[in-house]
Amino acid sequence: MIKVGIIGSTGYAGAELVRILMNHKEAEIVWYGSRSYVDQAYASVYRNMFELVEDKCLDDNIAELAERVDVIFTATPQGYLAGVLTEDILNKVKVVDLSADYRIKDVAIYEKWYGIEHKSPQFIEEAVYGLCEINREDIKGKRLVANPGCYTTCSILTAYPMVEEGMIDANTLIVDAKSGTSGAGRGAKLPNLFCEVNENMKAYGVASHRHTPEIEEQLGYACGEEITINFTPHLVPMNRGILVTEYASLKKKADGTYPTYEEVKAVYDKYYKDETFVRVLPKGECPETKWVEGSNFVDVNFVIDERTGRIIMMGALDNLVKGAAGQAVQNMNLIFGLPENEGLMMVPMFP
Amino acid sequence: MIKVGIIGSTGYAGAELVRILMNHKEAEIVWYGSRSYVDQAYASVYRNMFELVEDKCLDDNIAELAERVDVIFTATPQGYLAGVLTEDILNKVKVVDLSADYRIKDVAIYEKWYGIEHKSPQFIEEAVYGLCEINREDIKGKRLVANPGCYTTCSILTAYPMVEEGMIDANTLIVDAKSGTSGAGRGAKLPNLFCEVNENMKAYGVASHRHTPEIEEQLGYACGEEITINFTPHLVPMNRGILVTEYASLKKKADGTYPTYEEVKAVYDKYYKDETFVRVLPKGECPETKWVEGSNFVDVNFVIDERTGRIIMMGALDNLVKGAAGQAVQNMNLIFGLPENEGLMMVPMFP
Amino acid sequence: MIKVGIIGSTGYAGAELVRILMNHKEAEIVWYGSRSYVDQAYASVYRNMFELVEDKCLDDNIAELAERVDVIFTATPQGYLAGVLTEDILNKVKVVDLSADYRIKDVAIYEKWYGIEHKSPQFIEEAVYGLCEINREDIKGKRLVANPGCYTTCSILTAYPMVEEGMIDANTLIVDAKSGTSGAGRGAKLPNLFCEVNENMKAYGVASHRHTPEIEEQLGYACGEEITINFTPHLVPMNRGILVTEYASLKKKADGTYPTYEEVKAVYDKYYKDETFVRVLPKGECPETKWVEGSNFVDVNFVIDERTGRIIMMGALDNLVKGAAGQAVQNMNLIFGLPENEGLMMVPMFP
Amino acid sequence: MIKVGIIGSTGYAGAELVRILMNHKEAEIVWYGSRSYVDQAYASVYRNMFELVEDKCLDDNIAELAERVDVIFTATPQGYLAGVLTEDILNKVKVVDLSADYRIKDVAIYEKWYGIEHKSPQFIEEAVYGLCEINREDIKGKRLVANPGCYTTCSILTAYPMVEEGMIDANTLIVDAKSGTSGAGRGAKLPNLFCEVNENMKAYGVASHRHTPEIEEQLGYACGEEITINFTPHLVPMNRGILVTEYASLKKKADGTYPTYEEVKAVYDKYYKDETFVRVLPKGECPETKWVEGSNFVDVNFVIDERTGRIIMMGALDNLVKGAAGQAVQNMNLIFGLPENEGLMMVPMFP
């Protein structure tokens, strides 16, 4: 049985880790870290866990934690893990970091977009970017996994086959993303109040959201060159779910025509047919966030627009599952050599 | 492996049966009955089931179905099962009926409140009312279980200990109930449109809702006399969840005082302490529907108001789980002698 | 033109005062008080007012304000106005207080339920309770009006004719109230976050909510005796709207029968037929919060349940309009002798 | 007083016409046409109008209607007006058509995208496209105005200054649009049920939505050439509101640099500074649908992304007001020479 510690267990992503791991056969949570609720019963912070979790919240002493557990999940603000991680800790435990600290290989880009100094850049090289469907083999056995962001996972997986196969001009990529409000966290801030979000919709972080360079870096690896894209997140009045709508110019084939639906579908199937958690929908079906709610699935599909020469790609996932806690558990499974889907076969809940 | 057939598998309750049974170790669905979608892929009706359910919808030929399965769930309109049920069918399969056809023992009351003739009253006597926490022993091995209504389950379990112990005057009971919209079913009706429900709230069926006699009958058994109560359902702009707020006059003790919190709490604990699915919340905590969403739990609690001599009892459940499909599976487990919680330990999803 | 000052103009009730008064022909706002946003453009706090309100927020110096305006609306926390009100101020301006400071005549009851000392009880006697439909004549020309609470307005108006006419036993009254989330204010508190409220419902303040004594006092005046009632508020995932469902035992007539629908309807019509803002719905129609949204209307109706001898009364209003700012403007109109409905004929917005 | 007839008065757009016209000083509705509800009280179909509208619904006999009124609003399905409009009618009344029948000048394009034959193409030439801010002068005094679509109004006004001034390459324009559910109408269809829409989001009509050619035609006029664009609508769980996020490649200036914020802002101001209903937000503020709810405003803004050489333009409006009924009334005002904003100064409702 793998012993699990969570730092930041009372945020929404941390709480989702708890929900998922409770039905994981090979793991048990032994440390519910939460700086804000030390000594309070976890179930008093998340009453849904009443009679399910008996533990109290503990502080986030990562050094002590490293002695007690086999794997640490850090669902913490940017900069936290980079500020406390040491070689000694990594020698003792595996770390799956749900923050952005080790996602971006170029520390200058990290520091520019996040506006903070990176306190332990020496681990960036070692950290593997935990987008399981793409970096599966690299993740196995690793000490440090940088769990991708919620927007990023959805944005990358939706476009990846087209970029990797060179079927689109990656620099024309525009990602218009829509997210449920749990992505904004559980902090008590005015813009996240019910009356401010309900019956409302807005873009935010336009041309400046921190997930942009993460998408650019990963898709840049896929096409073998540096790219710049547009990424625009939006806040939607729903709890969970990310939907991305992506636009890119299709490259014409040698005969001067655009690839057909069947040709593009074959490309998607090449990458995702054997993937448990990526579902390429039937022709004509647009992904809906509700079809994946509560599950680790990503649903993707596309439409070719010959009028404009563009492809419209769409993807949907649950930001707290495949966009955070679910993928983190998937990474844990890979690290420890467990079946990759262990604990993750939650059936999407509808309605 | 228990072979399961569902008649009405494309309603919300039927779909929830599918979701739950997919993670049930001892049961498999072999018949997805749906009169409206015969020959269509089940996953085309509920796209969340894409790549999870490969079956097509079948008709609702219950006689043929009885040959093929061990248990039939009927998630059908009132009157359907009563119109087709036969001794022959009951000799072959177990039936868990999610409709109201066999819930009420007095056929005259059924016919009055439902406004339809009961076509097979001969099975009413045999049918056991499947409120598991109360009729557990009676359910085991039975052929025909009448699965309680969603409002009813919540209303009864919330007040049951007080009624059974004679601590309240049952005829003063007022049940003010609030339900998410999935309780209204998946029929395409104007009052259930998003724009009619969202940002709106209303009572309906005031003094005439069909769950009223069901509550009265069951609580009448508990207190040993016929009772009349008020039950008022309300429609709330949320998908899932029932919340009941119940009011009743407390009986004074021999010394002329009202029972204390501790005394009432002891009564609730007597009934529910060992129940997996009923959680009596800590003092001062009011049940919230979100704390039980997606799970088979019922959360209950109470407040004593000495000023008015009343007790306010509250209960919350997920109308599609403990209020329908979850309890139906719980009944199936009891019928077949399986662990009662098999397949039902879904952790409530928050947020 | 009446010069208006608002203290607390950046709360939801204050902002609603601004929205309403912008279309009022005889009043203009000259002071947008907001301790939290002093010197910031009002339209930067409420972006809906962009290009509509040019003013900056001012502090809440009530003494200076009294020199500048004809009427002050205080949309402030409990205790604020009681702490600063003076005879000198009242000699200069009219005050409509949206807080609870002067609603309850018995200062001991105020101090007990609100848990704070009343700093200027000398004005309680003079203050008139501004429930316009009931105290219309008393309000005209007054210096100090205590604007009723949102729950209270709805609860009282719904039951008032029955209580005043002695047709129900007022001590059996149970008020089960449901409110949209704007009633909780614009404070950045965790329980009011979108993800905590959305897809959720709960009771709160059970047997202890502060609007209880206000309802008891006013209905007590109506029936001529002190009464105790049960009042239970609930939080609903919608922005605006209060719905109350009220239960009470009907008194039998001299002949031993209960009053008929027509008899009760005649009573309601006696009180409300000529009221612009109270609409007694047609038989069988249950009030819906959406039918009054954005307007100053209160919709009421009732159902007689002969089985239990109770009447179920229902009422709906918009908590920010008739439950706060709209009624405050109605009071202003009465004070200054304007047409009572001036500026208040907003048509309910649907959907 | 202008006499108004509405055909299709019981759809959401028709009902919004009623709401708006009730506060219009120069117009009164004398014909509430509704094929579905003939002879029923209008207020029984929209209970918010109880005691406000006494009329019954009438049939949609347009010939008779033309005798009785000065202006007819047709809030009807595509093809209706084209099927009944005659020269005789246009000689008697003004017609403002909220459907698409006369929006597109090229009848072949209309018939291709809408899939129906146009029954009276002879009026297309005469019909003026009623986007008031752009075609103001052409609308005055006209007999037939084609009121623009909701998506279209928002999409065009958001990009118009940039297209008209040639600052972007119009063929790179991508419009990602998000709409509240009232845009889908009041038809009782499964996809519009509360439980299907709530907590959900999806794209639809990808690369095939009928508003595409309308946007292309109008923006094509602006830039003086035929253009093709991408337009993708999405369904959002809210009642009202459209938000568009538009992407286009900026043209470089002669010196090889991109225009600055100030230069672009000056262009927007050139077009909208004197417009009552178009608000160009302050730098850095992203439009939110809630800031315009219930009002006739369109809020727009933009961000320049020098990294990609694109401009991101955003716009928000209330689909039932500026996107339908409000603009229709604005057109009526222009036709009859009334102040353009008469009846339209509704203050946005927040929250």
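A few points about this structure:
Here the chain labels run A, B, C and D in written order, and each chain numbers its own residues starting at 1.
Note that a contact is a pair of C-beta atoms (placed from the backbone, for glycine too) under 8 Å apart; a residue touches a chain by one contact, two chains touch by 3 or more.
Everything numeric here is computed off the predicted structure, so don't read it as measured data.
Contact with both subunit A and subunit D is made by B, C. Interface comparison, A-B versus B-C: the higher number of contacting C-beta pairs is recorded for B-C. Chain centres here are means of the Cα atoms, and by that rule the chain farthest away from subunit C is A. Centre-to-centre separation of subunit B and subunit D, using mean CA positions: 46 Å. Each chain gets one centre point, the mean of its Cα atoms, and the points for subunit B and subunit C are 38 Å apart.
The residues of subunit C that reach two or more other chains are 12, 182, 195-196, 198-199, 237-240, 288, 290, 293, 351, listed in rising order. Note for the complex: subunit A touches subunit B at residues 12, 15, 19, 22-23, 44, 46-52, 182, 198-199, 239-240, 279, 281-282, 285, 288, 290-295, 299, 345, 347-351. Listed in rising order, the residues of subunit B touching subunit C in the complex are 171, 174, 176, 178, 180, 195-196, 198-204, 206-207, 228-230, 232, 234, 236-241, 243, 245, 247, 286-290, 293, 303-305, 307-308, 310, 312, 314, 316, 351.
Considering their complex, residues 12, 181-182, 186, 188-190, 192-199, 237-239 of subunit D touch subunit B.
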